[in-house]
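In what follows, a structure is listed as structure tokens, so that the remarks can point back to it.
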Amino acid sequence: MYFDNAATTPVLAEILEEAEAYLLGFANPSSKYNIGQSVKDKINQVRADVALLIGASNPENIIFTSGATESNNTAIKGFYEKWSELNHHYITTSVEHPSVLKTIENLATRGKIKATYLPPATVCDLEELNFQIAKKKATFLSVMMVNNETGQKFPIQEIGEMAAQHNCFFHVDATQGISKVKVNVEDLNIDALTFSGHKIFAPKGAGVLYLKDTLSIEPLLHGGGQERGLRCGTENVFAILAMGVAVRYILKYEDKINQHYKACKDYFISMLNQYNIPFHLNEKDAVNSILSIRFPFIKGDALMEFLDFKHNIMISTGSACGSNKKSNDNKTVLGAMGFSESEIRKTVRISFGVHTKMKDIKLLVLGIKNVFSLYGQYEYS
Amino acid sequence: MYSDKIIAHFTAPRNVGSLDDFDVEFELGNPACDDRVQVQLKLSKDGKTVEDIRYKAYGCATSLATASIFSSCIKEKSLDEIRGFREKYPELLGELEPKQMHCLDILKELFDKTLNLNQHVL
Amino acid sequence: MYFDNAATTPVLAEILEEAEAYLLGFANPSSKYNIGQSVKDKINQVRADVALLIGASNPENIIFTSGATESNNTAIKGFYEKWSELNHHYITTSVEHPSVLKTIENLATRGKIKATYLPPATVCDLEELNFQIAKKKATFLSVMMVNNETGQKFPIQEIGEMAAQHNCFFHVDATQGISKVKVNVEDLNIDALTFSGHKIFAPKGAGVLYLKDTLSIEPLLHGGGQERGLRCGTENVFAILAMGVAVRYILKYEDKINQHYKACKDYFISMLNQYNIPFHLNEKDAVNSILSIRFPFIKGDALMEFLDFKHNIMISTGSACGSNKKSNDNKTVLGAMGFSESEIRKTVRISFGVHTKMKDIKLLVLGIKNVFSLYGQYEYS
Amino acid sequence: MYSDKIIAHFTAPRNVGSLDDFDVEFELGNPACDDRVQVQLKLSKDGKTVEDIRYKAYGCATSLATASIFSSCIKEKSLDEIRGFREKYPELLGELEPKQMHCLDILKELFDKTLNLNQHVL
């Protein structure tokens, strides 16, 4: 049983069924013969569907990349490279995904830009944020739509208006937001929006970079002119077409998907209560699909491993991406939110997906109950 | 990453809990990584055998397994036998990865606290 | 029938059969539970196999990317970024793939480096190349293993020795070389080697960057620490594992594959002669799988379209990547080799793959013969 | 990208070749894009009808199709009829993409050269 949908989602059955067909339609979309051209048409259909999903009126503003990491790097570095003669000050939250944080840090430590990392509470305090943008004369503001470790939603609408007033480029990492939060890039005043296909039921290998103005950045990958020169390299046809299937699925079922997430969360919490299992939610204002939760009687690592070894249930501590980092490093998100070391050590992330079944959630709770009965006797504080 | 022995004890720990009637009680912990074990021992009348043991633990998977392995190792054993185990304690946990090594210290301390029984008699 | 294997190859049947299994083993390789870890192990097995294929003694020097374009951009920009305080002079050939050429051009037009583009004849004239490297105090030399439009092989061994003597970083784009030329990066004195999975029978989405010294460059994509921080972003598990299948296939059958290419070329040429179809090969010293060929009686575009419309046979004019560029632009390779406009207009690229059958080659020649009988009467010069 | 009509004529051109016995011969070409057509016409005794036509061509797909369309259009037609076609020549090729437009010039020139027959009589 899989409760780590924030790391990567299972692939939709529709995609698996078509996988071989997509892979056999292998032609290079830049080839001039008919099959090459029809592959190109199919890719452009996905572009139109993505535009619809995020409320972009012109599909040409959608660029396909290899994933959110590349999209984020392209937006962040590309904006600097395009306007490198300006004095840049980038403002972001201290809880961004590393593909935002480390990229901004990299520019900053190389002396190319100044950077400010604001704790989430400051970002949500709009007056304070406004003050910071004005004081730092920020050129670039990057705020994620939904945090990947806690599920916290950020007030993108208000921040977007503020960025527009200050004429500050506004980048939103929507990787954890798509399918969970309704997005309209134009209403939200977003200059660049990024996400990954594999977090929304498609396979790994394709991501999106929306740009309000494609001339606002310098491309990161130069070459054969694909994606109108904005992202060169032979298109990952299979991953893009598969992402198209996922996008159309979301367009059709978005409300149902979100009702399902809410049902999952409600059921999980009610079952924990029913079995008198003590727990604390780290974030109240989170999307329904991601729970950052701690159980006072067991360390998060140990709970994850117990459920994995004994019950074949997969949950996560922190985000998957964090696990490549040194152990102290992956606590930044909760640390930035003010949680203690001991609370952070107890925290696990449980994330639901469209494939999650109520009976799986019941087994998850029974697994936790098992841990509680074995280890719940220590007089925890 | 984990040996079968660690997994077996971690997922089905032996002797967890508390004793209504015990002779010795001690607690130990590693503040750096926040591992803790509370132990209760029931000794034989002559004080030379551990008749029963119960413990409660909090910590990483390996430290939880360590407490369980320790408990099943000394239960119903004489202090002499326990001293024998104490000598070869690094073998008791099986193969460990570097990040699990700190549990050897926990195990050693568990033995030491047990063998210095008098200090802890209530 | 498909004769455009230099653009992208059909996917091996073994990969298609396993595609669903790979896609179902969807876990994020950075996840800490068992399945995540076993996915990571499988990726590392591919790393070891790639190392074997290219003669790298340490698999840790292999980095997985999204494709050759990203690998090339990473090597070229990453080397500059790492040593940006030096006075850089990059030397390359004027017939490199755009993912090398445009990337170097981009650095040069932005004033970051100086750059020299040498025609292929100059690069193959080792004395002249030696003189150029010394005179320009070159810091970076990039020479492709095999040209993608003509199949021309470059003398990588000799050039590698020269680069080493001059202490000049040596990058080799081996995208068209792998499976056709035996590669041993250590014997060849190569500092960075790049290629794409989809040109060697795997699906699009994975590429390789070999680095002799992983500290020699600054990473291009920052983020969650994947690929030991050298290429961040959730790994494209499916594409990497599929590339592993292809790499093992090549390791096993390399000699047979090359015998097959030779048989294809010999048969094709002998059939053209048998039917008295006039033709010229643009390059004599080419790999057997790529033919740059012109038929005096028809323009290349027209031949390509005729075969596509009438016989459902796919060949190419120039390389696929060129077709996104303005029409005059995609003649640089042959232009740089000294061919006239009229010769270039007649040129097509025919490229064989492991799936190519002799009977398909016969049908291709019959198709060309058909064109010859319809259009061969114009008194061409 | 190509209309069916262009594809049909391009892949199966009509009247390709040469005449043993012809009255008019001309060649035209577009040096910029290297398209060329050589035409031979056999006229009726009174010189008012094109009894037969053969041509040889070299060029892009559309220009090759243009020559074929032209040939089948004027074959066995009177000069008056041909003048009629000349007037609506832009319709003869069907829908064209921008990069195919230059073939309209070729077609017009083919008509013009045919209708100014005298200039080219051998």
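We call the chains A, B, C and D, going by the order they appear; numbering starts again at 1 in every chain.
Following the convention adopted for this analysis, a contact is a pair of C-beta atoms (placed from the backbone, for glycine too) under 8 Å apart; a residue touches a chain by one contact, two chains touch by 3 or more.
Because the structure is predicted, anything quoted here is derived from the model rather than measured.
Shared contacts of subunit C and subunit D, meaning chains that touch the two of them, come down to nothing at all.
Remark: subunit B and subunit D have CA centroids separated by 99 Å (rounded to whole angstrom).
With centres taken as mean Cα positions, subunit C sits 61 Å from subunit B. Centre-to-centre separation of subunit A and subunit C, using mean CA positions: 33 Å. Rounded to whole angstrom units, the spacing between the C-alpha centres of subunit A and subunit B is 43. Counting partner chains per residue, subunit C shows two or more touched chains at residues 301, 305, 309.
Residues of subunit D in contact with at least two other chains: none.
Viewed as a contact network, the protein chains form an open path, each link joining two chains that touch.
Interfaces, counted as pairs of touching chains, are A-B, A-C, C-D. Residue ranges on subunit A touching subunit B, taken from their complex, read 297-299, 301-302, 305-306, 309-310, 327, 341-342, 345, 374-375, 377-380. Within the complex formed with subunit A, the subunit B residues making contact are 2, 7, 10-13, 16-18, 34, 36, 38, 56-61, 64, 99. Interface of subunit A with subunit C (complex): residues 2, 4, 7-11, 15-16, 19-20, 23-24, 26-28, 30-36, 66-70, 72-73, 81, 97-99, 102-103, 105-106, 110, 196, 198, 203-205, 220-226, 228-229, 232-239, 301, 304-305, 308-309, 314-317, 319-325.
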